[in-house]
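Look for chain A in each of the two complexes below; its partner is chain B in the first and chain C in the second.
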Partner chain A sequence: MTQTAPDKTFYRMLLLLILLLPALLLGNLFIGAVRIPAADVFDIILGRDGVPEVWRNIVLSYRVPQAVTAAVSGAALAVAGLLMQTLFRNALADPSILGISSGASLSVAIVMLCFGGSVGQILSISVSRSMFVILAAFIGSMAVMAVVIWFSSRVRNNVMLLIIGIMIGYLSSSVIYVLNFYASSDNIRHFVFWSMGNYTSVVAERLPFFCITIALGLLGATLLIKPLNALLLGENYAVNLGVRLKRVRIAILAVTGLLTATVTAFCGPIAFIGLAVPHIARLLSRCSNHRQLMPLVILTGAVISLGCNLCTLIPSNGSILPINTITPIVGAPVVLYIILHRQHI
Partner chain B sequence: MNESPHTVSHRHIWPGFLTLLAGLWLSLLCTGCRMPQNGTGAGSPYDRDSIRSEIQYASGFTMVRHEGYTCLTVRDPWDTLHTLARYYLYRDKNLLPGHLPAGIPVQIPVTRTACLFGTDVCMLQTLDVAGTIVAVAEPEFISDSLIQEGIRLKQIASLGQAADMNLEPLLMSHPDILIVSPFEGSDYGAAEQTGIPLVQCVNYMENTPLGRAEWIKFLAAFYDLSDKADTLFRGIAKRYQQISEAAAAATSRPTVFSEMKYGQTWSVPGGSSYMGRFFRDAGLDYLWREDRSTGSLMLSFETVYNKAGEGDFWVIKYHMDGDELTYSQLARDYLPYTYFKAYRERHIIVCNTARRPYYERGLLQPDIVLADLVKLVHPELLPGYEPVYFQMMEE
Partner chain C sequence: MEERKNTLSGHGLSIGYADKVLHRDLNLELQPAMLTCLLGPNGAGKSTLMRTLSRLQEPLAGEVRLGGRPMQNMSHGEISRMIAVVMTDNDLFGGVTVYDVIMMGRHPHTDFWGTPREKDRMLVEQAMDAMSLTPFARRPMASLSDGERQKAMIAKAIAQECPIILLDEPTAFLDLPSRIAMMMMLRRLSMQQHKTILLSTHDTDLALQYADRIWLLSQTAGLVTGSPEQLVLSGEFGRFFATGDIRFDATQGQFTVIRDKAPTAFVAMEIPNRLWICHMAVRNGFRIVSEPENAALRLTPDAHDPDGCQVIFRDRTFDVASLEDLSQLFETIRPQ
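And now, the complex of A and B:
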């Protein structure tokens, strides 16, 4: 694909997504496992009285943070995926390709499977179990990212980086298997549920921190638009255009790391959104210029993530499906389409 | 209207056929009843009048005593039309009939046992036959000091992980039986090829506390200790009934719900499940009692909160090695937990399964588990009783 000026398709898509986003956000507030009449949800949102306290708590303390988390996580993972696909010039690259989510999983596995999520007592600091898991995931992903960045300054080739990332992934899954093997069934269950993804763990008071961190990551990604566009032409062209390759590479890795680590720490490893959304955005807008692609990817990521979150309610009997059972249903057909049509970045 | 000769003959044949069937059945019954009387001698556990041992609560196995042997049949809990395993327990091989349906012959009493889980060790301890244990799996989850000592002195072999046991120490320890607790569709692979009889103990699939505990009769049969198990179980059942009757007479019937959310899912025990039954017998009104399922319901937080937000008691089992779960920790873990009335009124009952042998020993002590719940919910009914497994959550 070539870089073109924004055309009608782009604006049409942008408008559609801008309309869809609030619609789906509201959809996530109105539709849930518990049936709350729409009029009551309106009253709750508008702060009127006369609605049962239980419903008020469900909407304000459960559905609102969940919907915001879903939207923000979707946007973050999608942008991380876009950065990876452009950096590696590989259609199948995604945020997990560098082993960042594997690092988070390994770290969480150590905390959950070895200590039952209660390292706080051992280190005699007062941190809740859920906060520990978040910290562990964050430290794990950041550690892997540091390793990848260190390697990136030593190896010239991006393919080497890719292989290093995949190897880190293999290593951590092997350690996770060993830990699983010796863990108690309760702790295994805890870990399995964590790895199924979860948009409900960001409670209202953690939401500002979560959103600000992601916003910083997205801002960082926006600042990288110019070099990203240059990278589309190939590394040599990019260098000729004045891109300082090593620096840009580290910046891209750092931004991707921050976005992926934050989302994985709070929500667990969310599958497929990072891989599929950039392609969906490209297919829909038919453009590859990051100046247009970036806002589209952010919006599409949020919209698809919110849509997937609504789909978790499919059983409609009060139970919900884990988010990671839904995202591949959206993501896998896209990947198949790409393979069949040999679409390039 | 004329009836065809064919129809007439049918009408005459049916009563005759039914009489014949009834006759056959009666004669079989009489033979069965007479068999023990021709038994091997006075005092033998096989010379009873009844052929089928009374299993009151467990539905997963049957025990039928014949002259010279006992037939133990384990029903397949996942496909109740099928049999999971059948054992012929004998003391003298000569008394075992030659043409029996497919099954595993085991000479009793068993003197060398290999087992996989702490619950098995506890059952054998209760029967005073823990001394027959020659191999265990996952020793890190077995709290018994004698077993730990045996492993340290290399008198008891460690089989590694239950799901993938090490066959060499198993074979070297020459057990008479290997007690296993299979999952649906699981097999014990090479262990099945070793020739060591696998005793399939699926007690965990029973849906009632007394049903699970009654499996002690199943294991006891392998050690020729059926009488002892009967007495033990009768005691457990009697105490359980007494406590449950006392709880039923309580003036209040508080509502209860249980567990916590993991990830997006809150796994709630079904209305007809093991825990559901405990709640009912403890004089509690389980909020999911209408539900018919015996397993767990995977619900979302809002579904549970909508139903149980005003629930009186909240029972949580958790596994934490380092510390105990407290109210403040629960709030830090997930703030919406604090919206529950049971949280506000400090009515959370907890059991840390890492610190208390709930899964190991609790299975065999349903009377104590029930007494714990009753004591914490209706303290006036059991004055002076100290709970063993459960306690009120601390600040």
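And now, the complex of A and C:
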């Protein structure tokens, strides 16, 4: 029967995404704050000579890492969102729901707002790019994740976890407000910039680490496809189908934590992609099975993230909008659509 | 050995939660290849018992044995090939289709990635067909009615190919004809495919009609088991459900309201459609008696009119020609 085979919509969407991804990746190389003629960008990519060194530097050291970061982060956040929505069986769950990004924000706020100036001076580089900040964000996310996983083996149902995550979010933001109160305006500006998200922070030398970590997370998510499907029926049915609930729950939380922590550490808390992309993939493909959904979500996440990154260049006066000003424009209508059409989700 | 596989028994079971023990020292055995109905008031612990028997929750004390082996020593994977459950919470997330749900029943039998083989597809088709869900295959679960969703979950349980199926209130959201159809379907399943089925329900009359065994569970009396006939004739069934004025009438096999002080009515055996005439009298507050002497109301056949009857009420005589007349008469004479 043709009924189990994913229908044509799935393959059509897969094909479309596979075509869009390289197109958008290239688009991100061709278009940037500095105008570089397309022919020259081609020459740079193909390694030909006769192009100004500055342009070569811009394309290879800035645009390539930025485009890769955008694609990889988008995929990571989208998968993290998919995992959270399935685990909590909640259409409005996203990677930030566990408080992981709040943990990162809090930790970064402490570094930037309390020691901001000194860190910058010691390293004599922009604070927002310092390894300290990345480290702080990572530690913050992982700490929250550890707390959530610790709770997950003690609480009976997932709703409790959700509440714990949301409470951690509130606590962190209130501490951040207090810190803001005492911080210098310069440090606040840096922190606000970080918290609005950007894909420019992953410099070329850190790119391999970033990509490998995310790849590990995505691999982990792929290994969870079967239990994720069973979880769509609810925890009781999943257990009855042989899912080892506690183990699977910890695995899902760990993978989500790894993906979210890595992206947030490098790029700041990026909103809406994790929430909206799984819905976009579900709506367009009409798939619910994670065997099909997982690749679609990875690709859609990368494509939408690259698209949003292109939109950050809209001012076209050399300045770049923070990524979080764009993502809600894409995400909010989707979320509204979901709420209005809830009955089938 | 094969026959012992489908036995499920509890030994000295205490069930409930750490802060609230619902039952202590329950001993029970689910009869293989039979349909057992679990009856009991709300809060008696029916769901908790079913959850404990399917190891969705651990017993507080004692042990559950599956195929003669203690369930604690078995993996969830092993149990998932022996016991299939159908629960009441069937709200599914993510727009899952009916076909996908039934295919999930194959999870315990598929590989690490859950890849369906030809056999899995065939079994899903069969289960879907058995529950007449084939036209709904591609529909998202959320777009179905409660009854259809329930059927899809049962089809999932069938596809799971377990010798034992536990269903928590499978008839709860269904209208009466669908409830009967559901019970008949489950009965067929146990008879033809030798499935051991335990279902909890509030439909006492359907349970009496279709169950091979009945389990009565209450906070006060614990667990009482037996065949429907045994339980009714021994009076256990009646005692179990007796509350206030409501009694189980073993002669009629149904629940009635006891009205010792209600005026009596005698309806002669020859009256056409006697059952429904009695029904009308009872509905209007009378109590049916079998002897005409001393009855406040007497209905006897009319010698001249075969369709009508003669009604005597407190020494006044009325000739009634139709059901409509009788209905109007009752409105004037019924006790306040």
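FYI, the second predicted complex is superposed on the first by the 324 of 345 C-alpha atoms of A that agree within 3 Å, B and C clash if a C-alpha of one lies under 4 Å from a C-alpha of the other, contacts with A are read in each partner's own complex, and residues count from 1 in each chain.
The rule is short, and it goes like this: a contact is a pair of C-beta atoms (placed from the backbone, for glycine too) under 8 Å apart; a residue touches a chain by one contact, two chains touch by 3 or more.
Computed from a predicted structure; not experimentally measured.
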Query: On chain A, do chain B and chain C fit together or clash when superposed?
result: fit
Field: Superposed arrangement, angle subtended at the Cα centre of chain A by chain B and chain C, nearest 10 degrees
entry: 130
Message: With both complexes overlaid on chain A, does A:62 touch chain B (first), chain C (second), both or neither?
response: first
Message: For A:240 in the superposed arrangement: first (chain B), second (chain C), both or neither?
response: second
Task: Using the superposition on chain A described above, determine whether A:131 touches chain B (first), chain C (second), both, or neither.
output: first
Task: Answer with first, second, both or neither: which of chain B and chain C does A:198 touch in the superposed model?
output: first
Query: Does chain B (first) or chain C (second) touch A:174, or do both, or does neither?
result: neither
Query: Regarding the shared-chain residue A:289, is it in contact with chain B (first), chain C (second), both, or neither?
result: second
Field: chain C versus chain B, contacts on chain A by residue
entry: B
Message: Output check: A:323 vs chain B and chain C. Expected answer is one of first, second, both, neither. What do you get?
response: first
- request: Applying the touch criterion given at the start, work out whether A:187 contacts chain B, chain C, both or neither, answering first, second, both or neither.
  value: first
Query: Can you give the closest approach of chain B to chain C, taken over C-alpha atoms and in whole Å, for the superposition?
result: 36
Statement: Footprint intersection on chain A (chain B / chain C) at none
- request: Can you check the complex and tell me which residues of chain A touch chain B?
  value: 32-34, 54-55, 57-58, 61-63, 115-122, 127-131, 181-182, 184, 186-187, 189-190, 193-194, 196-201, 203-205, 268, 312-313, 318-320, 322-323
Task: Note which residues of chain A are touching chain C in the complex, please.
output: 1, 3-4, 85-86, 89-91, 225-226, 229-230, 232-234, 236-237, 239-244, 282, 286, 288-289, 291, 343-345
Chain A partner contacts - residues on chain B that touch it in the complex: 140-141, 161, 164, 261-265, 297-303, 305-306, 309-310, 318-323, 329, 332-336, 339, 353-354
Task: Please give the residue numbers of chain C that touch chain A in the complex, ascending.
output: 51, 54-56, 75-77, 79-81, 83-85, 87, 89, 91-97, 99-101, 103-105, 107-108, 110, 112-114, 116, 121, 124-125, 137-138, 140, 142-143, 153, 156, 160
